[in-house]
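Next up: some structures, all given as structure tokens.
Heads up, the next two complexes both have subunit A, just with different partners, subunit B and then subunit C.
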Partner chain A sequence: MLSPERLALPDYEYLAQRHVLTYMEDAVCQLLENKEDISQYGIARFFTEYFNSVCQGTHILFREFSFIQATPHNRASFLRAFWRCFRTVGKNGDLLTMREYHCLLQLLCPDFPLELTQKAARIVLMDDAMDCLMSFSDFLFAFQIQFYYSEFLESVAAIYQDLLAGKNPNTVIVPTSSSGQHRQRPALGEASTLEGVEASLFYQCLENLCDRHKYSCPPPALVKEVLSNVQRLTFYGFLVALSKHHGINQALGALPDKGDLMHDPAMDEELERL
Partner chain B sequence: MIPGKYRSVSGRAANNVNCGLHLVIQTSSLPEKSKVEFKLNKETPSFSGRLLQHDLERNYSSRQGDGRVISPSPRNKSSCISSTTNVTELCGLEMKTTMSSLSAFGDSSIQTPSKSRIRQGCHSAGPNVSGDHINLASSSMPSFPILQRSSEEKILYSDRLTLERQKLTVCPIIDGEEHLRLLNFQHNFITRIQNISNLQRLIFLDLYDNQIEEISGLSTLRSLRVLLLGKNRIKKISNLENLKSLDVLDLHGNQITKIENVNHLCDLRVLNLARNLLSHVDNLNGLDSLTELNLRHNQITFVRDVDNLPCLQRLFLSFNNISTFESVCCLADSSSLSDITFDGNPIAQESWYKHTILQNMMQLRQLDMKRVTEKKRLTINNVARKWDLQQHRIPNIAPNQDRKVSDSPQDPSQLHGSTISAFPEETGSLDSGLTSALQGLSVTDTHLVEVDGDTLSLYGSGALESLDRNWSVQTAGMVTTVSFTFIEFDEIVQVLPKLKIKFPNSLHLKFKETNLVMLQQFNALAQLRRVDQLTIDPQGNPVVNFTLWKYYVLFRLSHFSMQKINGTEVTQNDMIMAERLFGILAHVASSELPQYRLISILGDARKKQFRYLLETKGKKPGLVNEENSDSKRLVGENTNRATLNYTTRDFYNERLEEIKEKKKFCKMYMEDLVKEATEINMKNEALQKLWPQMFIELVRDAVIEIRNKSSYMKLCLQQITDQK
Partner chain C sequence: MAAVEKRRPAVAPAASFTDSGRPAVSRTAAPADSEEDFLRQVGVTEMLRAALLKVLEARPEEPIAFLAHYFENMGLRSPANGGAGEPPGQLLLQQQRLGRALWHLRLAHHSQRTAFNNNVSVAYECLSASGRKKKPGLDGRTYSELLKRICRDGEAPEEVVAPLLHKIQCRDHEAVPLDVFRAGMLTCFVLLEFVARASALYRLLEDPALAVADRRVGQAVLDTLEGALQASDGAPVPARYLEAGSRLGPDSLALAMDRALVARRPSSPMTREEFLEKAAALFIAKVKPVA
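Now for the complex of A and B:
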């Protein structure tokens, strides 16, 4: 805990990195909103409960979207909560439309934006036939990628478009990839005849992105893994690959592996009791 | 012994006339929208004749016990004679008259038993009504036949006597029939009402289709309730002074030119003056019980005094000469009128006719009878169009076109009162009077409110305001189904508390074209007291396309134990499935939420309820307590779901806006705290850095001081003395 890097960070940066201020602000805000009710049982207890729930991941239940989106921990908690609440729907085997999944999301977060769900659905359906039915696990993993890494994905999309158009966003000349510049001219021709972009080039751009990005990104090593298997890939192909990658899922830590998705013995016990 | 309404329903003699006889004909099942007026004009065959026949037949068959089925054929012109007695029994009837008088009256009414003038009965199956074996014998009184019945007859039918189509030219003297209550002289040639003064128990007197020129000879009949003088030659209404109990007065088809001498008839309920020569209507004060006034086929140019009739509900002015609204403006002041007809008048040809009438007579339920359903349909079309525009389904048409559109369905919507507007017979007349008066609600073409027995239908968002009105307890208590069409669900949510209070028995809710898009919206229904059935029409409610919507409804509203959703029964399996699918959600929503959030969410919902109640507190203070126990019960029933609420989007956004201020403050506050903390931290760190150096210096200074012991001692002593 007392690692030198931690101590080396200046105050504000440290706080910001851990999102401490977000939670403190939110706690005080909640206190203000409910002061009549909370004053009955003490402020100390309130703070205890609040931070306990932050640790447990239940603080995002029925909160507004801006709060849920605020920190990676919130996003992960929300994903986990969604999984736990609606795992039974998946277990039942029902295939639902995008709108219905969105409805379920709205049960937990009333103002959840539709576009996020739409984007997630696009990943599953490969941007095709948006009214198709999707299985719970497919949707959940795609949604995870889309929601947790939404800013990252936006940048990736921009990069992809640039690559497709033949522009290389890497204006910095990286010594190991002289081929990158070399590829620029024929890239145009290639892009029009072949689908997607070249994997290695894509990876280089992403690597730079991860370094610069202040938002959370998937671990670069894993991204490299995803991209090393193929020569060329489309944007949605990339996303699908991301969503199905076990390693990334584990790195996120919100959801269990796909195989265990339907299992939650603790909850099943509760269900029996009801 | 209150005579009920008269109803002629496609011929079925459904008459409630209870003349104190055991002859109450049971009413046919209440006709929903059929004509409910009492028509005694010439179109319908002799009503009372049929009435008596039906009635007598019933009695007959019940008494005789034989299997002959007699059904009165509705419009059989060959109306049967009322008496259904057998041929042999008819022999009992005897009528005597003098021979001399016969010639004076022309066609004699002498009958011989064998002759049968009377046409055959309705069905051959029925008893044949053959000739009235009326023996006319001479009597001491010149020119009056004397009627006598056999004692058997007298006993069997002691209270009624029918002398229909007997070609009588005078009223015979009726001997020894002082108990007579019903007397029928239809279809004769009688010119004067005579010789009935002794029948002081008479309640029902039928002289339809005779040649009477003057109303007279009725002054002793104080119990008379029904007087039928249609199709005669009466020129003046007179000599009705003593008939204070008169309930029905039928003078249609006469030559009356003026309404007069009826002001004392305070029990009169039906007055039929159709097909007369009236040119105006006034002098109606005093008719405090009049509910129906038939003035068809006259020459009326203006109407007055109608607002002095406190109970008048139906007024028929078809085929008269009314040409301006001013001539009938007194109708606007009548609070009880519900049905009017104006067809066949010049006023009905005007383009503004319907609009003006309906706008000025807000309490109307039916105008020109036949067209009511058409109007309703037009209104609903209008509301539907507005809804579609709202939902941006139809592109907004050009303004001038739009105006045309809104002009054509110019029939404003009406408020239909309850069609089972039970007459204030049994119930207090106050209550029903209130209902009929208050059912005149807003007449616009943007919404429609309709109460049809047990269903309250609301079309268009403007209709929601009607929930604010004072519905009579009776009407409101009967409503079990509430149907919403063309109204945004979010708007409905806001009036649900009112619905709960005003219509406590509503158990079935129907939603069509209400923009139900999220499962969450069903959470709002949890605040109702009880819902047995739910019908969500797929049209206009996208939520129905979801696979899980029914289960969610069953889950969230499990405390209602709903029986049917969209017509299909709810099975135990459905409930189990619903719990299985969403049970965890409930568990999470209740047990995993921190305490303060539980309180705030639950508190919010209850706060809203209390706020509403406080608003209405002035009117119904007793309800507050009810609500308390109600909500307590709620908490006990389904705590784990109670946190699943629905706030409409607008409210939600409003709340978020409110919170923004607080958030800003919190941010600033935290920033201040952080600044303070970091400053302290910095100082701390600085101190940490500097401390070793400082410590060394401190020690060094101290050591230097103490190096020379003796001089140090001297210095200290000096310091102490200086201090003093």
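Now for the complex of A and C:
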């Protein structure tokens, strides 16, 4: 059944919701790159294949980072591809370093930024020991949060800093996502007597943030759940909790539950055929 | 699609997750003009404009999947592989035509009247196109086949839609004019939606353990529905809807259901099929038969 709201949106908003123009422009760019190989009637077929691959989530393979992070669907597709390609890494219980995971990421995206992989690793390791080993599932779920919700996390970091500095939430101006770059990373143990910030206060600030960034936040109800279990928490404690939350993973819809991480019958079937 | 070594215009990512502010495309080597010329020459510009207009008209829930199907159909329309090989048989062509017409008809919901009517016209043209052994125009047999296909795909049980088909079908070799075609298509789609809603209604009435509804209650609902449909048949349009709406409102419908339950008549089950058949019959009774 059709949902009425969709029919009432102004054209531009409707298109923006599903990033239709992003994909159309990218389709044309791809066409231009391959124009020697395309005949008159091949163009329709080219676009068919392009949009089909977008639907299936294979369109992000070997593409540049700027495209991979351009839409939520692209990010989710990339996470899913990473899982499907490398899940066997976890099968034997192998542990890898941050740099090794980064190499795997670069196989799928040649210009994937190291900074992002580092941030993901920090969520797992909770400190600066970048040489430590990580399990596949730990890294994958931390990476998911870091990559999919990048902008949100930057804003959260800024809010956390403000709260640590003792600023009253009523006077805190919620920063835009681009200003996160200038903030220092909160160092653990910086607070004088108590560590971290008060959970309920933190949630209030986050709730405001989620209202503004409707499409790039974890569901507010689930964030509330995460914050209701504790009195106080640190920034990385918060991120770890996010990465381990089943509900948030399911809401994102890219990866299976942690228990099913090794389970991919479709891929197994394909590998059998080879 | 590997894009590693190839020179490509860099697309700056949007700051947040909306398409606000189109990403700037920066060119590296070749002049922009030659690429724009190329696109216009091969018809890409026009093709994409038409596709975008279609998306805006249809407003599908999944625009990307819609676009994939759209271009797939476009590919079907052009001669396959430059015309080499045997031309497809008459039956295959017929099936393709039906498929294409169906695709057009489903692009817009019947409540989006302008868009729906446009699509009906396109579907009509598609079916009326002359083939090798076919005269131009839509014949009754193709029309009937299309009606049956629509009902089958709409998951309405055959017994439910059969009376409708009887009323609006044309004889096999009769020519079907556009206005008859349009009326028939509209009636068909509205009936399918009606049946779907009746089905949802039945699910509310049915006893989850027994998977049937109480006949008394089911009949009360149907009687009220009939009354609402017949109410103020001669009145002008707004009054008619208000009257019908009030008959189906809680104070009217709920009372009817209540009364049915407390009446002394014994209870017996009413199956979903029976409920749907009777509900559809109420609708079909209002359909004018084709002359």
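We adopt the following convention: the second predicted complex is superposed on the first by the 240 of 274 C-alpha atoms of A that agree within 3 Å, B and C clash if a C-alpha of one lies under 4 Å from a C-alpha of the other, contacts with A are read in each partner's own complex, and residues count from 1 in each chain.
Heads up, the rule we're going with is that a contact is a pair of C-beta atoms (placed from the backbone, for glycine too) under 8 Å apart; a residue touches a chain by one contact, two chains touch by 3 or more.
Remember, it's a predicted structure, so these values are computed and weren't measured experimentally.
Contact with both subunit B and subunit C is seen for A:Pro110 once the two complexes are overlaid on the shared chain. In the superposition on chain A, A:Glu33 makes contact with both subunit B and subunit C.
Contacts of A:Met267 after superposition on the shared chain: subunit B is touched, whereas subunit C is not.
Shared-chain residue A:Leu21: touches subunit B and subunit C both.
Look at A:Asn52: by the touch rule set out above, it reaches both subunit B and subunit C.
Shared-chain residue A:Asp94: touches subunit B; no touch with subunit C.
Of the two partner chains, subunit B is the only one that A:Ala81 touches; subunit C does not reach it.
By the document's definition of touching, of the two partners only subunit C reaches A:Thr71; subunit B does not. Subunit A residues in contact with subunit B (one complex) as well as with subunit C (other complex) are 11, 15, 21, 24-26, 28-30, 32-34, 38, 41, 50, 52-53, 59, 62, 64, 110.
Subunit A makes touch with subunit B in their complex at residues 11-12, 15, 21, 24-26, 28-30, 32-34, 37-38, 41, 46, 49-50, 52-53, 56, 58-59, 61-62, 64, 81, 84-89, 92, 94-97, 99-100, 103-104, 106-107, 110-111, 267, 270-271, 274. Interface residues of subunit C, counted against subunit A in their complex, comprise 1-4, 6, 8-20, 22-23, 25, 35, 38-39, 42-44, 47-48, 51-52, 55-56, 59, 61-65, 67-68, 71-72, 74-75, 78-79, 82, 109, 112, 196.
Across the complex, subunit A is touched by residues 518-520, 542-543, 545-548, 577, 579-589, 592-597, 599-601, 603, 643-644, 647, 652, 656, 659, 662-663, 665-667, 669-670, 673-674, 677-678, 681-682 of subunit B. Interface of subunit A with subunit C (complex): residues 1-3, 6-7, 11, 14-26, 28-35, 38, 40-41, 43-45, 47-48, 50-55, 59, 62-64, 66-67, 69-72, 110, 151, 177-178, 213, 215-216.
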